[in-house]
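This is the structure I have questions about; it appears just below.
Chain nomenclature is as follows: A, B and C, assigned in order of appearance, with residue numbering initiated at 1 for each chain independently.
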Amino acid sequence: MTAVNTATVVPPVRRRAAGKPLLPPLVARLLFLVFAIGFWEVASRYGWINAFTAPAPSAIWSGFIQIIVAGELGAAFVRTFLEALAASAIGAIGGIAIGWWLHSSKKIGLAYTSWVAAAASAPLVLLYPLFLVIFGRNSSTIVAMGALGCMPPIILKAKDGLDGVRPVLLNVGRAFSLTPRQQFTMIQFPAALPVIFTGIRIGLLFAIINVVGVEFLIAFGGLGELISDLGDRFDYPAMYAAIFFVVLVSIAFFYLTEKLEIWLLSSK
Amino acid sequence: MAAIEQIGRGSSASAGKAKPASEFWTVTRLRIAGAIALLAVWEIAGWSGLFFRGVLPSTVFIAQAMFQLLTSAEFYWHLAVTSFEVLVSFLIGCSLGTVVGLVLGSRKYTGDVFEPFIHYLAPTPKIVFLPILLVLFGVGVWSKVALGAISAFFPMALGVAAGVRQVSPVLLRVGKTFNLTTMQTVRMIYLPALVPPLATGLRIGLGISIVGCLLSEYKLAKAGLGFLAGQYYEAFSVANMLAVLVIIFILASLGNTLIEKYVRLPGPGDVQAHR
Amino acid sequence: MTDVTSIATDTKTPALRIRDVAKTFSTPHGDVVALKPVSIDIKQGEFIAIIGPSGCGKSTLMNAVGGLLEDYEGTVEVDGKVVRGCHQEIGMVFQEESTFPWRTALDNVAFPLEAAGVGKEERHAKAMELLNLVGLDGFENRFPAELSGGMRQRIAIARTLAFKPRILLMDEPFAALDEQTRLLLGDKVLQIQQELNQTTMLITHNIAEAVQLADRVLIMTFRPGTIKRVVDIDLPRPRSSKMMGGERFGHFVATIWEDLREEASKGLLELEQVRST
């Protein structure tokens, strides 16, 4: 094999001299969690905090079991999941299309990219009453709000990604006489994908936030409605359980997509 | 939320380039055409009969409604309530976020242990905490303040912590060679370096606390712009509702612009560039 | 490789004929002549190198011949037929990293076949054959990021060979590599070129590389670029990088440098003037 491997000598990384901590961060983090939950339990049992408005973790756990057994949580989760999926599918397709449009002409990009950037930082979710008027109190409003929330970051990242495709790769395609369609599917899109994925990931988070938020506000749909209903029923343990469930699901989702993104970027 | 920063930065960099005069006019023309097209779509959709009557009122009616709102005393009461909520929640959320960010950023072990909590809680929907906050703080302004503060806290804490870590170790060593006190190090090295993350955190924090306060007003409140918009919605006076929304958006972007303009003390690249 | 070498050889019409190819770019500050009319005839199987200072229009010429640039004066003929735009008979190897990072070595080489609608099995078999040819058998499932710069450039070369183009254009294909890799890869390219009897046009700014590989070296002037002189390299074939120490080799290098020096100095002078203003 004629491969020439240039072995580079890496100087040893200098670590900040510091006393070694007692516990690894992960263990310390878990211990802190256990301690906090334990303290909450004790505080609630001994009446240091109001056990009705802030039920003990054990009560919340039984509330959790209760809404699982009743089938409420599962149904709500599926519904929210499907709505978020529909919203992000619409948002991703629309976002990539608009990103492509902004990329396709320099002038159009210059004229409208800043508008999209403004929309990305504007509180678009506040527009939901308008959508409520247009679509009525049903899933369309929720999906529309989710799609609206996730589109701006996807548009911006799709444009960035397509702008960043190296010209030589496009030239390779031209040299092999690719059709414009092949040029997009075989070169531009895969080359821009890592960047577009970042946009889709942020977009999905925004979609979830908007979907759950609007569900909660209009008390219709999946997990958001469940939280709202349980609150109205004064079933606080179950309500806390549903809230923690939403938080855990978004954390799990965020964590997984974060790992996926790192993997995508590193393997290129 | 760090993701939003990335996006903002990327697009502002591309907008910052100097462009020749002819290009400027082409872009301006395109923008005017785009704005007219959007308005036309709105008007045509409103008149087309595709939607229920009154759903998409003409911009003329919206402008009329805005004028009426701005000349009524009641509107200013709601505006005052919302402004109070937003400002107080923004202040609480951002100052807590700054303190926590400073601690997490400067103490490696503390950061390693606790930052993941903030990192992973940041992108969760905060509005779902509202029922708890309603129980704890009541239906009045304080539940809204609490939600706004929680919302603003996360991007601020993460931004400041990342900013502290970005301060070049070389500069800290320089500081050490001149025997700076802790306060001097903070004032002369950390603070200038922290201006860009602080500005970003403040900007995102303001936007997000506005969202937090107004959404909780929509859900359950006695006063405020969100409450007002909700009332108009219930009464199906869409033009009035849209007028409120337009005013909210104008105020939000005004706040955004103000922060962008004035929170820029030294050049952002001064201390951080070297990494 | 028997089917590869059986490319028809016609000795009368040149395989590649470049006729008065010229290009003027119009900029807001007025027209810039990038290339004054250039004419070259290249025989089947001949290896020519074009050498010149930076900014002499080498790449413009290459892009015109390869078809990436369509708006130029003059004509390009392949076997007597005028071509404009990209053409299957002309393969191009680029200076920059041009492998697709999301495709394995095998899929990179199979890329043009896939675009042309060749079935999976057939294109993989062909791509394997080409990987063998450039000496990368055993690396077919690696991604470019896992391979060295020289290996990636060999993938790019193998990919260009997918349609067995009659004519191979190489735009500084070794520029991004270190000196030793460059020499070894040069030997590899020579070996493949001989094996396939390909008409080859190499653009370079490395004199030794031009002498090592080419039958003829064309020296270009500084902007506006055109051909200043042609040097026939009558070193015996098969050649290899081992010849570099030879007296004749040194003679050619010195001859070319004498001509090139003047042009390179002009380029440098202009660069310094631009800097100082």
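We take it that a contact is a pair of C-beta atoms (placed from the backbone, for glycine too) under 8 Å apart; a residue touches a chain by one contact, two chains touch by 3 or more.
Predicted, not measured: the structure shown is a model, and the values here were computed from it.
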Give me the chains shared as neighbours by chain A and chain B. none
Would you indicate which pair of chains has the most C-beta pairs in contact? A-B
By mean Cα position, the chain sitting nearest the middle: A
Tell me, please, which chain's centre (mean of its C-alpha atoms) is farthest from the centre of chain B? C
For chain A paired with chain B, centre-to-centre distance based on mean C-alpha positions, whole Å: 19
Approximately how many whole Å separate the CA-defined centres of chain B and chain C? 54
Expressed in whole Å, how far the mean CA point of chain A lies from that of chain C is 47
Parts of chain A lying in touch with chain B, wherever the complex brings them together: 16, 18, 21, 25, 28-29, 32, 53-54, 107-108, 110-118, 120-123, 125-130, 132-134, 153, 156-157, 160, 198, 201-202, 205, 208-209, 212-213, 216-217, 223-224, 227-228, 230-231, 236, 239-240, 243, 246-247, 250-251, 254-255
How about chain A: which of its residues touch chain C in the complex? 1-6, 166, 168-169, 171-178, 182, 186-187, 190-191, 193, 267-268
Within the complex, chain A is touched by chain C residues 66-68, 86-88, 90-92, 94-98, 100-102, 111-112, 114-116, 135, 143, 145, 147-148, 150-151, 159-160, 178, 180-181, 184, 188
Which positions of chain B touch chain A when the two form their complex? 3-4, 6-8, 10-12, 14-15, 19, 23, 26-27, 30-31, 34, 51, 55-56, 108-109, 112-114, 116-117, 120-121, 123-125, 127-132, 134-136, 203-204, 207, 210-211, 214-215, 218-219, 226, 229-230, 233, 236, 238, 241-242, 245, 248-249, 252-253, 256
